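I have a structure I would like to understand better, so I am pasting it below and will then ask my questions one at a time.
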Amino acid sequence: MYITTWEMDQDLGTGYHQRFLEWLKQAQTDDITVAGALTDAKGDRTKPPSQQEDKDVFLHVVEKRAGGIVVRGAKLMICGVAAANEIFVLPGTAYREEDADCAISFVIPRDIEGLTIVETRHPSDRRDEEDGVDNPVAEGGITQAFLLFEDVFIPNERIFMCGETKYTLPAVSNFIMPYRSAIGGCVAGQGDIKIGAAVLTARANGLSAKVFRDKITKMHINNETTYALGIAAAAKGRKHPSGAWLCDPLIANVNKVYVATLPYETSVLAQDIAGGIAETGCMPSYKDFQSTKYGHLIKKYMTAKYSAETRTRAARLVEWTTIGGGVPGCRAC
Amino acid sequence: MYITTWEMDQDLGTGYHQRFLEWLKQAQTDDITVAGALTDAKGDRTKPPSQQEDKDVFLHVVEKRAGGIVVRGAKLMICGVAAANEIFVLPGTAYREEDADCAISFVIPRDIEGLTIVETRHPSDRRDEEDGVDNPVAEGGITQAFLLFEDVFIPNERIFMCGETKYTLPAVSNFIMPYRSAIGGCVAGQGDIKIGAAVLTARANGLSAKVFRDKITKMHINNETTYALGIAAAAKGRKHPSGAWLCDPLIANVNKVYVATLPYETSVLAQDIAGGIAETGCMPSYKDFQSTKYGHLIKKYMTAKYSAETRTRAARLVEWTTIGGGVPGCRAC
Amino acid sequence: MYITTWEMDQDLGTGYHQRFLEWLKQAQTDDITVAGALTDAKGDRTKPPSQQEDKDVFLHVVEKRAGGIVVRGAKLMICGVAAANEIFVLPGTAYREEDADCAISFVIPRDIEGLTIVETRHPSDRRDEEDGVDNPVAEGGITQAFLLFEDVFIPNERIFMCGETKYTLPAVSNFIMPYRSAIGGCVAGQGDIKIGAAVLTARANGLSAKVFRDKITKMHINNETTYALGIAAAAKGRKHPSGAWLCDPLIANVNKVYVATLPYETSVLAQDIAGGIAETGCMPSYKDFQSTKYGHLIKKYMTAKYSAETRTRAARLVEWTTIGGGVPGCRAC
Amino acid sequence: MYITTWEMDQDLGTGYHQRFLEWLKQAQTDDITVAGALTDAKGDRTKPPSQQEDKDVFLHVVEKRAGGIVVRGAKLMICGVAAANEIFVLPGTAYREEDADCAISFVIPRDIEGLTIVETRHPSDRRDEEDGVDNPVAEGGITQAFLLFEDVFIPNERIFMCGETKYTLPAVSNFIMPYRSAIGGCVAGQGDIKIGAAVLTARANGLSAKVFRDKITKMHINNETTYALGIAAAAKGRKHPSGAWLCDPLIANVNKVYVATLPYETSVLAQDIAGGIAETGCMPSYKDFQSTKYGHLIKKYMTAKYSAETRTRAARLVEWTTIGGGVPGCRAC
């Protein structure tokens, strides 16, 4: 919102930018963690807010008071809320004049009155928790939340947009462009883990990584592509008068296309290298491994070049990053 | 084994084919279900059985008696055992003379003495079981088993190969070629379900399937490709003197390549059409849906053009076929 | 037209089918070669014939006489005319009632009064003719013609459709479906030549084909795919009441997509294996090879494992099939 | 050679760098054009120079004199020689000690005694020259030459490497890395021309560019990818102690892979949009267009939404960039 509030101040003298800067300084002083909340429930995807049967499917102002506003609605699939001190709410999309009630941005503490946070499930979550081989991730892990706003009061000093529909498109765009650039590095890092886990599984099977050289090269290419396009979007960016740096939107958007496709190709290659266990996620349960009756047999037959445990942990990591909880949501960005 | 036992009878006068036919007729008369077991534990993948530290990683004969043989080892990742009356064991690969003990084929009842069957887990299995929206699959579902043979006695009349290493390559090949042809139709059918589930999710979101026309066309193309290559492998096949039909091996092998790649591309397209929920499998739990405190809010915000339940069921089906238990193991075939 | 004229006879009692059969029998007796002419000039692609500024851009009837019709217009990009005894003209697309004048089909001798045939050029044609290394193709080669009809009289006994617009769509479709099936074999054959020429060039360079195994495998896969889909479209076809065999339209259309893409990928692989000379088509002229001053130097430096002549001929064949006159027109089919 | 000569001076005190700088300053003062010559004839690709039957297939020193060296051999496929004042010769690959005679670098005027330059042909070159629609390129155009060195004397002050085999790998690498980065922008520019020419042809046919939106987007993505990876390789580079900038080799090498594949995909898309004429390069000759007998008919039937001339020129440009003389040699780089 840095750029958007700066522009609103320049154009309209709203004072949002000054307010935003004050909050930002305090946030940096207190060294707090902030989650960004963008996506509304959206209801019928073909209709704008004002034509929705249930007006609440877009987060909106239901009451204006002297000291602030009251908002109702929801923000869905919000990452990192469980680990955040505060939640920064952005308009979910560009709005027209008739939907001015939805053109809102503000920041709130996570435990604000009237906000219910429901963490979603993710693939194989119960299995991850119970499975002995994955103990190290018993605490922490993936979080993605539904934020349910039941008439939450936002005080004025926490509001950075309220009805200025003209600025919703830039606000979203200023958020998306660096996001589409930066996520290239994020999925590249995940891709590097896929390479490591796949190669480890192959070695545990007794196979040299050389056998898979072409596939590993292709995985590296995929990783470096999304990373490098993010770098290029930044390098070809420009300084905004507010002092912020704007990524090149064309390259950022090209990166979105790759981020939405290459990680899935990399996953298929990781499964290909790791073999059937990782591909289908089918393997005996940890409980079976521990069985006094036949656990020793499972360990015996899961052993290859390396131990059953090494193979299982490696294959589970490939599974986790390719069809499990670690699959990134890259296509919605 | 039809062709292989026929050839062994022709060449060596083993009597295996006659024995096989007798079993086959009885199996057809009794209308039993049979699971095929091919894959050994394999141990260190770079070594043949005779050089493995643990000889048992390939199923092999440990004792020959007058009335039969005793076998030890394991067959892993075997589908359909839970629903089968009998299990048909094949040699897992081509063997050389020094590994003649592993060149075995036989058929056994599932509850034979000395055989332990351990069903594997699969992605999101616990979630599938507990999750209210998937209740219809509470019984049945995916099965894939580890078969652990602890000195199992196989009577002579159930043995179709025992030491004839020269026939192990044809036996495996005669199994694989029709398999690689037929699996094209299998994944095409799964692909059709992906199309249906993805389009249903899109419609529930309020979006017309027309928006995704190019993607749906690509999914159809992928499905028809593996299906048509299977048909072509059969059409260009030839009749073996035993009476069996042999698929064209070149086309069957080309189909293997597509079966190992196109379904994954189709999955990505399905997720792309269905959107973020299906892509990451992240959505509130069934328990949260039922909450008396905020369950109504989750339903409210999950509602789009169609109800929250419809969307959730549709998205879960996309998830199940693309990153869940329904993912086929296509690359090992 | 076999099926279409049969249906017209069944529905309308036109007598076209009987007439067609008589021509067909005579054509078979005389063992003549026939070129099929489908594509009209089409003018502005967004307009039907009746709205075109120049009515002649679709071949049409300009006069009806007792003994026949007079037609004007053009058929463009028609293959094989130079080697044909007769030309079989089909409606170029489906027409509506107001464009009934264009709904015509007939067969004519190539030297009919009023027809001008202009052969088109093709890539590197002059070079092919002059270049000493390609002497064997001095006669023959690629032909693709513009047929210009300036008020050509077609006698009744040579007409198989004249105004029956309802049958234009089936006529085109009955032509296209077997075409889309059969062209899969055509481009597969060309693809096999690309493999051979590329491998020959590599060997002439001193490189083993093993180095390129993955690329050659991919080329084979591409070739077999279009071939097998054609086979499958036929195998899943059905017998039409007229006695003709109808290909499965879904599989035939899937093949169209592959035929429009895979040969180009195969070409890139062929160039990749053959190296820079084949990729860019840049090499000294035959005249330079013959130079008494420096021709010996060119031969000296073009020599690798095999002679300069072998390398040049092989590379020229790769060039010819990938960026030269041998490039098939696959996307318009 | 800037970095390599600097390092040789640092390590060996050769004085090459000082010599190189003096030449460079003069070259800049005189504002001359320089062509770089890298690729040797190479003979049997599996053998190093010392094992070649004909030693001359790698350019090498045949005599050392007080004032300089005499070299024999060839440099092939050298671009831009026709327009260059001087030719800068680099070692063609990394050499071992036994091939020290080949470890040479020097710069020469184009008209030096003993050097024969033979320009190669390129696809459709004769056609380009004669074809009336392409008259504007009658002068200039593509050049790629064979440089034949018959005992050419190189004076000492023009030599920058002579026998220092250890520096041949860095010399080649320092050339290749910025090349692989920069060529991304080169083929992106060609790709933009393909888009423009394809869209122009489509419009001339009467079709809106909207119809091809997905294909044009894909073309843009391809162009921006090679361009952005070049930018990223530079942005992630580092300053060498000599003052030169070194590109990131990993990203530069990833770009090589894209440069060797994406332009060919872009070409296929351009042909797809432009249609059959551009795909096959088949169209009437300019001479036919001028025919007093039927030239008016060709123009009449080549006319679509726009004139025959516009369509022909546009289609020829697509042809030229996709299967003609404008095809870049991207895979050898």
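As written, the chains take the letters A, B, C and D, and residue 1 is the first residue of each chain.
Convention: a contact is a pair of C-beta atoms (placed from the backbone, for glycine too) under 8 Å apart; a residue touches a chain by one contact, two chains touch by 3 or more.
This structure is a prediction, so every number in the text was calculated from the model and none was measured.
Comparing the contact residues of subunit B and subunit C by number shows a mostly shared set, over half of all numbers used being common to the two copies.
Taking each chain's centre as the mean of its C-alpha atoms, subunit B lies 43 Å from subunit C. Look at where the CA atoms of subunit B average out and do the same for subunit D: the two points lie 51 Å apart. Remark: subunit C and subunit D have CA centroids separated by 34 Å (rounded to whole angstrom). The set of subunit D residues touching two or more other chains is empty. Taken as a graph of touching chains, this assembly is arranged as a ring, one closed cycle with exactly two partners per chain.
Contact annotation for chain pairs lists A-B, A-D, B-C, C-D, with touch applied as defined. Across the interface of their complex, subunit B is touched by residues 220-221, 224-225, 227-229, 231-236, 250-251, 254, 257-258 of subunit C. Within the complex formed with subunit A, the subunit B residues making contact are 39, 41-47, 54, 56-57, 74, 76-77, 116, 118, 120-127, 130, 142, 144, 146, 148, 150, 205-208, 260-261, 264, 267-268, 271-272, 275-277, 279-285, 288, 293-294, 297-298, 300-305, 319, 323-324, 327-332.
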